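What follows is a group of structures, each given as structure tokens.
In the two assemblies presented below, subunit A is common to both, partnered first by subunit B and then by subunit C.
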Partner chain A sequence: MSKKVLVVDDDPDVRLFNTTVVEENGYTPLEAENGEEALKIIQDKKPDLVILDILMPKQSGIRLYRELKTNKALAGVKVVILSGIAKRTFLRSQKALTEFGDAEVPEPEVYLEKPVDSEELADVMRKVLA
Partner chain B sequence: MDIKKLLFATQFEELWFDALQSLLDLRKASLNHVVFLNVIEREKVTMRRGAGYQKKEEIKLREKANIRFIDWAENLFEQGMEVGVYIVVGNLASQVISAAEKEAVDLIVIGRERKGKIERMLMGSDLTEIVHRTGKPVLVYKYAPETGGPLERPFERPMLSTDFSSASRRAVDYLMPLNDVVQHVDVIHVVSEKELAGTSAMAVQKTRKESRNKLDEMCDLLEAAGIEARSHVYIGETVEQIEKAARECGATMIITGTSGRGGLAERLLGSVPKELSEKSAFPTLFVPPENL
Partner chain C sequence: MPKILLIDDEDDILRVLSMSLRSDGYEVVTAASGKEGIEVFQDQLPQIILTDIKMPGMDGLQVLRHIKELSPDTEVIIITGHGDIDSAIEALQYGASDFINKPVKDEALSIALKRAEEKLHIRRQLKEYTTDLETMVKIATEEFERKSNFQAELIQSSNDGIVATDDESNIVIFNPGAERIFNYRRFEVRDMAARDLFPTEVADFLEKKNGCDKKNRGLSWKEIVVTSKTGEKIPVRFSATHLFENNEVMGSVAFFQDLREIKRLEKELVNSERLAAIGQTVAGLAHCIKNILHGFKGGSYLVDIGIDRDNTEKLTKGWQMIQRNIARTSDLVLDLLSYSKDREPEYESCFPNAIADDVCELLKDLANDYDIEIVKDFSPDVGERVMDPRIIYRSLLNLASNAIDACIFDENVKDRHRVIVTTTVEDGQFIRFDVTDNGAGMSDEVQSKLFTSFFSTKGAKGTGLGLLVTGKLIEEHQGTIGVSSEPGMGTTFVMRLPFSNED
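Let's look at the complex of A and B:
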């Protein structure tokens, strides 16, 4: 059975692009349009990889990432961040939340700033899922 | 009634990030989540003769909004806040209402009404529609007329104008948990001259005393919550007196309850909230009654 990749992004055009790349590379795509919806899918379908946007309605990728890395039941899920938000901001934000008393979280496996082309995204998926 | 999450609706013409920054004092209470909303008005992308739907224009406007929101969001994320965003095509009031419902926000922040007088008469005001349909408090943000910039801390010294309705009482409930942000509240009631017409000096004093007693009860509630409060009675035309009182008290914001009256009745008869949102120089927070 092929590995499952969850694409989380509020922009339907980005979701379509990413899920197409996922499918063309032999993986099974799943999709969610915000962090809240994504968390339900992750708990239910246990994807092998999450390609995660940051700035979304309902729940941002920053909070979802934190949930994934601090919840033992979900710790095995790999995460690639794909966002217009700079990596530096992501790291500062996680640091700020840790300073407010939340648990420390590791850096993401890969952080890609939008836009990326299909080959770059496919390469990253293959490496992370190898 | 805590303000944990606010919806900041901007068209990038009347409301900028500095306005939001001036509201971040609310973090001392419980604000930790900001949702940005930009509504691309349908007329800007709608079909034109021979051109069809302006998809390219929509993409351009979306990207422009997205770039601004990413910049603003980065600033807030780095402070440890949670941020969300909506960029949608449609009618301003409907989209604000929809986003406020989806996100279950505690406060909606909008800029001054941009519709003209005739347009408002025909189609109604966005503010009225938002307040009546969401039942959420709505802050109409205004920049300081003298400087053109934002006030440093709009919630620091608000003036609550009350008609003793349930919405006014709800406004007191709304302020009470903000005791780390609100330093002092002036609570005022305006008695109209019509109410006093033909009455004796004694009757006028009696009216003042009765109003004062009711105002003091509200002040007692605020003081019990740790917020300094002072009552004042004014006589005259309501909106004019509210504006005068706000200046006299050195208020940073006007807060008022809204009635359940909306739509056509308001368009024809007018209302204090509507006039305040249009005419007042102060940021104005409208609190609807609970059962709206």
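Let's look at the complex of A and C:
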């Protein structure tokens, strides 16, 4: 049974691209178009890796990332951020949430800024899932 | 006491009379002939002359005429021979003040002198009064001139254009401020009527077309556009009032404030705000462009796989992805261009309802996919109008697709999502377009950002430029747009665009 990789993005083109890369590298792709849908799939299917966009309608990637990092039941799920948002913007908003009383969360294992080549994405997946 | 000149060729009479007069208190000078009398008169300037009529050489009547020529105010009393009525009458005709008979009786003399003195006195008083009156008239005239100069100066130096017309609507005052606005010189408008120079609305008022009374004499300030001599359209603030004289209209005065500079500054401000908005936009754009680039990479990756494996499905999907992102790029660039560039509306005859219908048809498939109903409610009165059809189309497409997105993003459970597009004619000068949805609605904070800056709630779907561009297009069409919305309930956008009728 190959490892499962969940691709979360509201843009269907991005999902098609990312799931193709997942498939081509021998993993099983799963898809969600927003944070809410993603959380359901994570709880049902326990993917090994989530490739997560930040800016999405309905629940954003920022909230889902916090959920993944603070929920003990989901501690084994690895996260790669893939977003058009710059890394420092993402960290700043996480820090702001922490200052407002939320728990502190670690930085993501890998932060990729769009656009990303297929090789780069494949390398990152292999490294994280090794 | 007045000075008296006594003229007689008889030495005795001279002596007796002068003694008698002196004892009465008069200052007396004498002459023994008419000729000498004239010389003494010119030298001594007596106020009263007493002269015998019969003298050798120059006689009394000649003296009288001569004196009256020299000094009409001098009183001349003629002494005539007893019973010489003809001479006496002749003397009176020549302007003698009185005559007495010889031999001169004291009583007759003193009455004649008294009368002469009274006449002198009255004449002097009259002269004083006249002089006083003249002085007063002069002072009043000067004061009046000063005041009227002051007012003329005030009108001349006013920065506002001031134009006054008489009761026949001829232009009588046209100050330099008005010359600057209308580009006519004062002498050029002298023979013009108000109607030749002003828009109908202003001319109607000045010609009292709408009736006028003292209570309701003025027009309050409003903005209008006037046409200068060179045909330039000049925006002005305008006010006017009728001028009354004893309840009768004697003319009108109109005031014009030149708004060109203010309008230019306003436009500059809007431009600089737009540039600032573009600055903010760049940050948002970067995000949008990154997504598009990512799409291109994805597309070319799929195409590569399709070619390598001869897999038509992957090839097709990859190519479609590239095409979609080409479209997104061109949308973005076009939005950005139309937002940053000034474009004059191109007015032409069009059918606003047909345009609204095109927009609804275009969005029908998308709406069906999400089970959203599009309701068309077009007024048949809208008909054919002269407007910019491209502006109607782009603005309406933006508002309607926003409305559909608002339904798609809505998380609340509703019977059925619905977008209603309404058209109506308003005030005989606007076409009003309402786009109403029962979708997600917006908070006050979101509403406040709608037209001012790059802003999107749609994640990867929006460029944040749509409403900015729509707002700008509507403004260029001299229209307005408004919004009311409640989170969870839905949103209504109301767009009003002015039209002119088919010409």
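Convention: the second predicted complex is superposed on the first by the 130 of 130 C-alpha atoms of A that agree within 3 Å, B and C clash if a C-alpha of one lies under 4 Å from a C-alpha of the other, contacts with A are read in each partner's own complex, and residues count from 1 in each chain.
Heads up, the rule we're going with is that a residue touches a chain if its C-beta (ideal position, glycine included) is under 8 Å from a C-beta of that chain, and two chains touch if they have at least 3 such contacts.
In this text, all values refer to a predicted model and were calculated from it rather than measured experimentally.
Visitor: Given the superposition on subunit A, are subunit B and subunit C in a clash or a fit?
Guide: clash
Visitor: After superposition on the shared chain, which partner residues are touched by A:9: those of subunit B (first), subunit C (second), both, or neither?
Guide: Once the two structures are laid over each other on A, A:9 reaches subunit C alone.
Visitor: Considering only touches as defined above, state whether A:56 meets subunit B (first), subunit C (second), both or neither.
Guide: In the superposition, A:56 contacts both subunit B and subunit C.
Visitor: Touching A:97, do we find subunit B (first), subunit C (second), both, or neither?
Guide: In the superposed model, A:97 contacts subunit B only, not subunit C.
Visitor: Under the stated touch criterion, which partner chain does A:44 make contact with: subunit B (first), subunit C (second), both, or neither?
Guide: neither
Visitor: Look at A:24 in the shared chain and tell me whether it touches subunit B only, subunit C only, both, or neither; answer first, second, both or neither.
Guide: It touches subunit C, and subunit B stays clear.
Visitor: Tell me which partner A:84 touches in the superposition: subunit B (first), subunit C (second), both or neither.
Guide: both
Visitor: Would you find which stretch of subunit B runs into subunit C in the superposed arrangement, from 93-101, 147-155, 183-191 or 201-209?
Guide: For subunit B, the listed stretch overlapping subunit C after superposition is 93-101.
Visitor: Let me check the overlay on chain A: which residues of subunit A are in contact with subunit B and also with subunit C?
Guide: In the superposed arrangement, which is not itself an observed complex, subunit A uses residues 10, 55-58, 84-85 for both subunit B and subunit C.
Visitor: Note which residues of subunit A are touching subunit C in the complex, please.
Guide: 9-11, 13-14, 16-18, 20-21, 24, 53, 55-58, 84-85, 113-118
Visitor: What residues on subunit C touch subunit A, complex-wise?
Guide: Within the complex, subunit C touches subunit A at residues 286-288, 290-291, 293-299, 301-302, 305, 314, 317, 321, 324-325, 409, 411, 457-461.
Visitor: Across the complex, what residues on subunit B touch subunit A?
Guide: It is residues 35, 66, 69-70, 73-74, 77-80, 82-86, 99, 102-103 of subunit B that touch subunit A.
Visitor: Once bound in the complex, which stretches of subunit A touch subunit B?
Guide: Residue list for subunit A touching subunit B: 10, 34, 54-60, 62-63, 84-86, 89-90, 92-93, 96-97, 99-100.
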